[in-house]
Amino acid sequence: MIEAALILPAVLAAICLLLGRRTRLVEAVSVAGAGSMLVLGLYLVLRTFDEGSVDEGIWYMDQFSGLMMLIIVLIGFLAMVYSVPYMRHEHDSGEVNQKRIAYYYGFLFLFILTMVLVVVSNNLGMVWIAVEATTLVSAFLVGFHNKATSLEATWKYLIICSIGISLALLGTIFIYASSLPILGEGSDLHWTSLMAVAGQLDPSFLKIGFVLVLIGYGTKAGLAPMHTWLPDAHSQSPSPVSALLSGVLLNCAMYAVLRYHILLIHSPLGGGFSSGLLLLFGLLSLGIAAAFIITQKDYKRLLAYSSIEHIGIISIGFGFGGFWGIFGGLLHMLNHSLTKALLFFGAGNVLQKYGTKNISEVRGVGRTMPFTAALLIIGSLAITGSPPFSIFTSEIMVLTAGIDQGNLLPAILYSAILVVVFAAFMGHIVKMVFGEPPQGMEKGEISKMGLLPMIVLAAAILIMGLYIPDILGDALRDIIALFGGLV
Amino acid sequence: MLVDLLFATLIFIPLLGAVIAAVLNGRPKASVRVAFTVSSISSLLGVAITILVFWQGQMRWELPFASPFGSLSFTIDALAAFFLGTISVVTFAVSLYSFGYADHYEGKYPVGMLGAMFNIFYVSMVMVVSSSNAILFLIMWETMSLSSFFLVIFEHRHEGTVGSGLFYLIMTHIGTAAIGLGFLLTYAQSGSFDFSSFPGAAQGMSDLLRSALFLLWAVGFGAKAGIIPLHVWLPRAHPAAPSNVSALMSAVMVKTAIYMLIRCYFDFLGVQDPWWGMTILAIGCVSALLGVMYALIESDIKRMLAFSTVENIGIILIALGVAMVFESYGLNELAALAMIACLMHVLSHALFKSLLFMGAGSVLNATHTKNMEKLGGLAKRMPYTSAMFFVGALSAAAIPPLSGFISEWLIFQAMLQSFNIPETMVKILIPVALGTLAITGALAAAAFLKVFGITFLARPRSKDAQEAKEVPKSMLWGMGLMATLCVLVGVLSFTILPALDQVSSPLVGASIADSLVEGIEIVPTVGEFSQVSPPLIAIVLVTVMAAVLMLSQVYGGRGKIVKADTWDCGTPLTARTEYSGRGFSNPINRMFSWVYRPIRTFRARKHPSPYIRTEMRYTSTTEPVFEKYLYGPTEAAVRWVAKKVSVIQTGSIQTYLGYIFVVLVLLLVVLRF
Amino acid sequence: MVSTLSLDAINTLAAVILLADFMLVASSRMRSLTRIFALQSLAMGCLAAVVAFETGAEHIYVVAVLSVALKAVVIPRFIDYTTAKIQVNREVEPLIKIPGSLLICAAITILAYFVTEPIMELGTAITSNCLAISFATVLIGMFMMVSRKKAITEVIGLLIVENGVFLAAISTTYSMPMIVELGVFFDIFVGVIIMGIFAFRINRTFETIDSTVLRGLKD
Amino acid sequence: MLTSLVQTLLILALSPLFTGLIRRLKAYFQGRQGASVLQPYWDLAKLFRKDSVVSQDASWIMTATPYVCMTAVIAAALMVPLMTTSSLGFVGDLIVVVYLFGMMRFFMALAGLDAGSSFGGMGSSREMTVSAIVEPTILLSIFTMALISGTTDLSGISHNLASTGFDLVRPALFLALAAFFISTLAENARVPVDNPSTHLELTMIHEAMVLEHSGKHLALMEWSSMTKLLLYMVIMANIFLPWGIDTDLTALGLAAGAAAIILKLLVFSLAIALVESSMAKMRLFRLPNLLTVSFSLSLLAVISYYIL
């Protein structure tokens, strides 16, 4: 059953690439395909949520992978829907030709494919391969615009992520090595079999292995100070792609790290070591991101840095651990991807309307594009953790964890930085939304269709702010149990 | 049960109304009508609930769905009910007022949004005082801040408006962070987010933790209440907002902070260390004195009113502080007295401040300026508005027997009881506070005399003021209601105080209702210490007045009243020769120049006319002390750090790879040990 | 029981690999870089073969063959082709002068021994003492990337890191499961191709392949 | 009830007399003959008969003020003990009295602004400035007495003090008395704070405020001011030195009380006259020094009550 979720996007990618210049058809295929992908994905998600896990040998899904799958297909679909008007506008403004549009959709599907591969592979080696593959595929999407800046971004993205990834491979090897004495020669690298013997794995192998994995996948997840490629790549790629990169890809990398974290929690080493590192890197990312958010001049980079900030929050959450920490971390993965997608879509509209990424040159969005403006405001309030939006819930959970565990200093640091970020971020956005628009800027949204996914996302984060559906809540509790957060 | 139903409706209709109003944005008239009808209805419901709760005891209501933070429940006990009532009454009057007020935004700004946000603002305030789950509270608290933020920046094309709104948002967010930390620290002890579990948890806390909570909450709620030095947002945001919103913000929103302070200190923590009370008392004194001083020299009506809000919050905190001191020494009766005084001032300030802001709004509406140097002579052109504003000013200046006077009288009485305190040091300090309060009272009188005298009396100082017309009926109704209440609450205070005792007794653990009121007399303390009887004062004043009038007519000779010019020493009087507001407050400005630190500049220019040799220009502005010495440097420091950090993003890929290399090596080495 | 001969062979090959690292750092010509890399990969392949022979695990032969084919033949060719195509000048252009680099590399090697010591003791594999060299290779590869200007040198550095990882795999676990190994090779191959493509594009846009000019994006 | 009514009427009736008396005494000290002691009565009578001219710029405040002022003083008088300690204390205590004077001042100052002449504005502004410090001083000094005697009801204070003889006397009392005396001068527009008998714009405070009033209105204003002065003296007499005042409404007691109060009032008038003829009026911006002195005196009084 899981193969289907891998084959489908591959097929769709092929179709898109083959259809070539028949743009309308490509768009139809993409949206329909993404829709079916969504349905299929949701089916798998629901199945894992109530069966606990779906084990098909090399393919394996538990609720954790289910959560990831949910994020991938949901954001994937919305990004696909948003891409249609976005790409049309790019085409009309002579940025890209029809051939490249087909190529864009094709690679978008390949990108989704690789990310799905990350979360459904049982074999940690496969996970590594998949993560590397995401880099290679998305490189073309990042460099899509073929401008000097986007090429530079792509190059940095490729080199830095590849180096990180190869460190992750080294880490994986050590984990594997730690399992050899127990499982014997040629033991498969399966997550399930490793978990089975987690209690007997050798600590010093695990330690060095986890450090390498954390740095490796951490690079991909955008943990400071390995984050350096992220603002470039996320700000240079087309907005829908940015949404996928920030909202989904980072989570996938984090997912890979957390798999090892779980392994360590159940190993004789205990979770303390890995949690400590996660907390350290989390706080580092939070602080550094805050600094850049304050001094930022480019609103897409602003969003990119905010992604670093939120990855920081997620890893702080798992660093604090305990019921609230893990609950918060998991919930934050979902909330952040929803909110960040909303913001990148909004940023896309602004970019296409004003033709600049400079915060200082964008004024009076409220006058020119009232709906986009409203959604932007909602999104930024949400991303900075104001209630009644969902991120507030997860952030307060993380804070609760910190205080509950008695990690007072980090907790206070965390909340202080969040306040500063709030101030800075809102400062930028409010400047953009209010005031008088520049001369000769005609009113009107870029497209109605582009607003749809944004409205969906806004509704989602508003509802999630107070109310978490039981099925999701239960699944999260199971995952927390997986992290040993309930004991 | 009936109350639950009412409460559910109270919450539901405004949300619905907000949506409708937003949808009808295209048709301003309709959307205004919908929005404010809804808000007035639901505020009436609020009053009803208050009465029911006082009558039947507390109500509890839960949201129908579970949340990870436990049941999202609302509890309305006497304390909450009192604040709910205050909020609702004010909101009702302001809603009436808004029918007329909102019109003048038509075509300029999206009126529908105003109506929508107004309703959300009201609901969030209600939920803030009623929610009994820490997280739910935080959510509502921020919702209140956000909705008020959007209302503040409603006129966002005025330059400066968005800036002040943003400043407000950030300040209140800082406050929320402090509050949240406090709650979570309590949660770590209690293991539940429900307020009902907090008091128990506080018992087991170490003194250090309790003090930490005290300070966190003082800062958090203080930022919202506008205590000095966290007040800076207040005189920027309140004037920037539409006047009906300023009325709500100044009159009731800041009170939600007071509510939470009482809740946290008396209900959750339980007051034990005297220094808590003294701290609050000190904060109160500073806020009251500086607040009124800045109010006095302000010539923008709404800013002046905003500063006066700072002052009154100070007075309220003085009363609260005294209550806490008494409580900490186990003098519960006296604590009850001080607490009642505090609540009474909360009520009366809510009444007269909303009235005054509505008045200011009417003036602004009729003359398009809130700078009193351009006004004057409105008493003739806007008789009703001026009359009601006058009542508000009298009440704010604590003229007997209006509501403002009664509350101040009670506070004085409470402070005079300080001789019962065993600690001599405290005994000595409280009279100092008493002196501060007395000065504050006198300065407040001067301030309100100025704002009324300069704005409404004498000759108009500008064309706008010349052509001012009386405002529409609905606005007058709103103000009229408040004006009547200002008088009634004062005169009939002896009927209200028992209810306030019902609020305070569970908090301070003593009820003084039976001794507090004797017939129509208020006898604050046991024994013959002192008493006052507002209704009798009223009667005496009226009868004497009548007598004076009659006698002076009968025996005062046949002299009639002749209209004539003001004595002008021979030169025709113009607006320029009138006494200006700035001039009025100048003596005090010079007397307290060490507070105002005025920046004076002289400019002399050669004048063409042979008779006038040189013309002198004189400007005098007050130094914004807190901005200059507190907020400016803080922001600069943060930016400096950020700048220093952001050099790491050099753009060179080699550097970036270097980071990874270094991190790897470091971790490996660390791991080795 | 492991024959001393093959142990010697393994150690010699490991030594060759380490030597290759230093030669890489020392060399100042682009072409020699690729040559040395090919050599190193060859040694790697042989080492894998020896291990395969010793452990009798067939799949390691495959790995060995693959690594030789890919890293010793195809990829070096491809890189030479690229460099030729985009007329890179022959200098390596180090940011850190070669003598300094060599000293640093020596330090790195010592460090590698230092950090891997405890693990080498645990190592069950006959080759576990190659672990230090693999670490050294990884770190030196990274150092190459940090200290050289050209984009191409970054690719080569990356490949050296990969070699180090490969060596580590061999020396601790006799290489990963087959499927993983295949995937890894595939990824590396595709990765190099893609990097080549972008090297082309960058050269077309910037008229240079000196990656220090890629500094448009910063804060 | 009845007694306080009688006392009030007495105060109203006698107030011009004492104003006249003070003027006469001043004249004596300055070596002038001076007008008759009854002169104020004649002035009032004349003014009452004249038309009152009201500025056409002014609003209803202007016309209302004289009556309000009169009402305020009378209401205050009702709560102040004169010869006997039984007065309308239950209606309001000293705070109410002080705030009634506050009300009077409030309206007077408004009326000053109302006509729109710069004199009036100047007067009001200065009046409010002065009162900003004087009012708290008065409150504090009376509070001291309230603390000493254990009640805030004016009659109560004098009753308790008078009935308990001299053993309640302490330093606090004299500090408070001093503070109150200075405040009396300031509140009633006497030298050195203000000069009641000048219309020089540099100096005048009170006169500037009432400048626009005339005829009957002026009469009422003047009369209420005179009454206010007398009231202050009475309060000073019966709160700080109440001995001799009647405490139990006997004919003998009343006679004694009357004698006592008259004696005290004469002494105070003498004191005021002495001060006025021996001191010069202060510059406006010197006033704060004097007033702050009196304020700190009163504060000291309260504190010393606790520590001494």
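Should a chain be cited, it is by its letter among A, B, C and D, assigned in written order, with residues numbered from 1 in that chain.
Rule of thumb we're sticking to: a contact is a pair of C-beta atoms (placed from the backbone, for glycine too) under 8 Å apart; a residue touches a chain by one contact, two chains touch by 3 or more.
This one's a predicted model, so the numbers in the text were calculated from it and none came from an experiment.
Chains B-D form the pair with the most C-beta pairs in contact. Computed from the mean C-alpha positions, the centre of chain A lies at a distance of 31 Å from the centre of chain C. Chain geometry summary: the mean Cα position of chain A and that of chain D are 79 Å apart.
Inter-chain centre distance (chain B to chain C, centres taken as mean C-alpha positions): 70 Å. If you average the CA atoms of chain A and of chain B, the two centres end up 44 Å from each other.
Residue numbers of chain C whose C-beta contacts span two or more other chains: 115, 118, 142, 145, 154, 211, 214, 216-217, 219. For chain A, residues touching at least two other chains, in rising order: 155-156, 159, 163, 167, 208, 231, 292, 295. In terms of inter-chain touching, the protein chains here follow a pattern that is not a line, ring, star or complete graph. Listed by label, the pairs of touching chains are A-B, A-C, B-C, B-D.
Only residues 95, 111, 114-115, 117-118, 139, 142-143, 145-147, 149, 154, 211-212, 214-219 of chain C touch chain B when the two sit together in their complex. Contacts from chain B toward chain A in the complex involve residues 63, 65-68, 72, 135, 138-140, 142-143, 146, 153, 156-157, 162, 165-166, 169-170, 173-174, 177, 180-181, 184-185, 187-188, 638-639, 641-643, 645-646, 648-649, 653, 655-657, 659-660, 663-664, 667-668, 671.
Of all the residues in chain A, the ones that touch chain B in their complex are 155-156, 159-160, 163-164, 167, 207-208, 211-212, 215, 219, 225-226, 228-229, 231, 287-288, 290-292, 294-295, 327, 366, 381, 386-388, 392-393, 396-397, 399-400, 403-404, 406, 411-412, 415-416, 418-420, 422-423, 426-427, 430-431, 434-436, 465-468, 470, 473.
For chain D in complex with chain B, the residues that touch the partner chain are 48-61, 63, 67-68, 70-71, 74-75, 78, 88-93, 95-96, 99-100, 102-103, 105-106, 109-110, 113-122, 124-126, 128-129, 131-136, 139-140, 143, 146-147, 150-153, 156, 211-212, 215-216, 219-220, 284-285, 288, 295, 298-299, 302-303, 306-307.
Within the complex, the chain C residues that touch chain A are 55, 57, 115, 118-119, 122-124, 138, 142, 145, 151, 154-155, 158, 161-162, 164-165, 168-169, 172-174, 176-177, 179-180, 183-184, 186-187, 190-191, 194-195, 198, 201-202, 205-206, 211, 214, 216-217, 219.
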